[in-house]
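Structure below; questions to follow.
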């Protein structure tokens, strides 16, 4: 048989290379394709115009902004607006720029990331892979909680966090982020862990049987992909959050987006549009950076929101 | 009897989540509902007067601001539907012409990475009548263009809708694109062989095949519209006057500005009810989808 | 009814050439099966004919028409897809009707055709159901019906039975064959299943690596495989292929393999083989004589130990140890019970059934 296999492999009749008798010109791009690409390009322009305008405006001087040519390129090109947005822009009565907000957002980001991912991954794991009798009921409740408008729980949460002496602190905001993200993230983790083959769980149960050891040694190493997706989802949503920061942030502990809104909205006299645009860009850079570097995971993260049965 | 840790550990691990659900969600919702039936103003009052249980709601529905907020909710909902339609068109185009798929997808989706506050700030600047788009268009001779939408009560909502569509269309595009890609490629081939026209193919075959995707988009969109707050703050801060108030804005305003806890609670309860109305089809949709999948499996 | 002609077809995807200078002519009314292992380019060839893909070079004619540049809908053919590709949002009737969408046919004629196809395929009771409410076999019939109503002379099938279970597959095989007999249309049918090919085809084109290895009637393909690939691919259990050497001395040609000498005196060599030429000899398991029984025109007799035996209902195969490999021989299932592992059996092989291939080129000698 081995002989036959060897011979079979070279058994195919290979024709000698020769010029085709009926050559065809490579087909040019069709009219319909051109129409579609033109349409998509126009749409892409629509999506890019705002970005172009905030970028160019942020590098202009106020004199140039006042000329009213919004599409013109910056001349002279200046970083002044960026510096003042970062360092001296006024929000309300304070004039120390976005830097305070930036560091606040950073300080909120890390604890709430750790809290929310730890809490929801363990919960999702317990619900997906361990026999908890009321798991389905709980999941349904979480499903509903994930879509509840914030306003319906806002006031009790304010009262509760005041009672716990965390209202108006960085920690308060971080904890509220973790709490509010818990239902949705738990569902995401649960759906992911549900996809782990039952055999792996059975084998792990026989070998160890300990809830935490199975989680740390078997499940967590298998969660790389979903952890990145959730991480990106959480970083962008915490960074971009406005409402929680506004509600639970005190003076000096507000995250960047709240400071940005204050800078832009509460201006007295003529607005410094170049500074506003620089401030907006400063706020948008971290999530945009993540988007352009880790786009694939970002898309997975946002479409994870489109409930999978 | 020995304690079976394999039974207890998972339940133990679930207690924080359970506690949060009971306190921060169920308890908090119940508390807010209760507050909406009291006369609480700056601070919670736990006295419930059965004769006057509905006074906050009666006030609410006499309030012009609330009427505007509800009307705007509807306007925003209808307007945001454009984002779904637009998203579908983009997805269909990208799917037909595979060239440049990655490039276009990246561009259509990037607004989603940007916060609504930034989006609002950017569009607010473009709507600026003296230095923004309007001025640029006037200066090239298109003097009939009126782009000063945000400062007029009757057009301000359209400005918000435009920014919302700009921000959200990419999301629906992504969902629609994955829906389109899940359609069996032989269907497209069969249609080509049958010589089915472009319009008939999409209207009679493709769109009906994607009804789940459309419904999911519509429901997610509606839930998002009920929550709309940031974009309004960033673009108009509710103005001019009360022209761009929405329920989310109204509720927060009632608590922080009017300092009326009971009133804000009543508004929040209505928001919850609206969410429930949207949510019901979502639950049914999930069940329906499950059934359809089972039917296909057999 | 049309004749189909492929002339010097080349198809490349990027830098990969999938079809290489392929020529093929299908006569009017033929049932042609494109047979080959997965990935050999069968679907590509079919899609080129349908117009779903564009050729890189070459010409395709249907009847007298050069269709190379025509749209699929203008080529006057119908196709049945592997996954059926029924429109899930339309009823069976809607599916049949939709297939006629581009043709200007009046309503009465459409109804007549649907009734005709439905009767032919016995799907009349299903006309108002949606595809999701049909079983696999029923969907298959509807897919065929959608092709039938077009009343074209050329039907294309791409592995239409591969999603059905074994029993239904046999049924549908007969049914498609019957349709061909009734309609007298030309059919091009793609499959990787040699049973389907052997039972249905009037002509088979065996493909491998984007090249047609042999084109002929099922009988020709079976009894005179043109090269080693076809020899090894057709037949189940597969043909025994053993390397050996030609001995050509004094007018008698023999083949020596692993100690056995086969008399090739009456083999129809195309040209006289050279002495010592390396060859591969092909022996079909089903052509061995009964164990212990000497054939009159035997080319040679093998005396080999049994390694194991295999019984499949009405048939049985003995695997005999030969050199460093095995040789399969069909054995009467009534008798096979007698053989134990290690027993030595004598089987002889008839001269007229030997196949000889050049070991270097793989071509039949």
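Order of writing sets the labels: A, B and C. Residues in every chain begin at 1.
We adopt the following convention: a residue touches a chain if its C-beta (ideal position, glycine included) is under 8 Å from a C-beta of that chain, and two chains touch if they have at least 3 such contacts.
The structure presented is a predicted model; accordingly, all values stated were derived computationally and were not measured.
**Student:** So which chains are sitting against chain A and chain C at once?
**Tutor:** B
**Student:** Is the number of contacting C-beta pairs greater for A-B or for B-C?
**Tutor:** Contact tally favours A-B.
**Student:** Which chain is most central here if centres come from C-alpha coordinates alone?
**Tutor:** Going by the distance between chain centres and the overall C-alpha centre, it is A.
**Student:** Which whole number of Å gives the spacing of the CA centres of chain A and chain C?
**Tutor:** Computed from C-alpha means, the inter-chain centre distance equals 54 Å.
**Student:** Please report how many Å separate the Cα centroid of chain A from that of chain B, as a whole number.
**Tutor:** Here chain A and chain B have centroids separated by 17 Å.
**Student:** If you average the CA atoms of chain B and of chain C, how many Å lie between those two points?
**Tutor:** The answer is 57 Å.
**Student:** Looking at the complex, which residues from chain B come into contact with chain C?
**Tutor:** Against chain C, chain B makes touches at 184, 186-187, 189-190, 192-197, 200, 204-205, 208-209, 292, 295-296.
**Student:** Using the touch rule from the top, collect the residues of chain C that touch chain B in their complex.
**Tutor:** Residues in contact with chain B: 47, 50-52, 71-74, 77-79, 81-85, 87-90, 98-103, 132, 146.
**Student:** For chain A, which residues are in contact with chain C within the complex?
**Tutor:** 1-4, 7-8, 10-15, 18, 20-24, 27
**Student:** If you look only at chain B, which of its residues touch chain A in the complex?
**Tutor:** Of all residues in chain B, those touching chain A are 5-6, 9-11, 13-14, 16-18, 20-21, 23-29, 31-32, 35, 44, 90, 93-94, 96-97, 99-100, 104-119, 121-126, 128, 130-133, 135-136, 139, 166, 170-171, 174-175, 178, 216-217, 220, 223, 226-227, 229-230, 233-234, 237, 247-248, 251-252, 255, 261, 264-265, 267-269, 271-272, 275, 279, 282, 286, 289-290, 293.
**Student:** How about chain C: which of its residues touch chain A in the complex?
**Tutor:** Interface residues on the chain C side: 7-8, 10, 20-21, 54-59, 68, 208-209, 211, 213, 227-229, 231-232, 240-243, 280, 324-326, 357, 359, 362-363.
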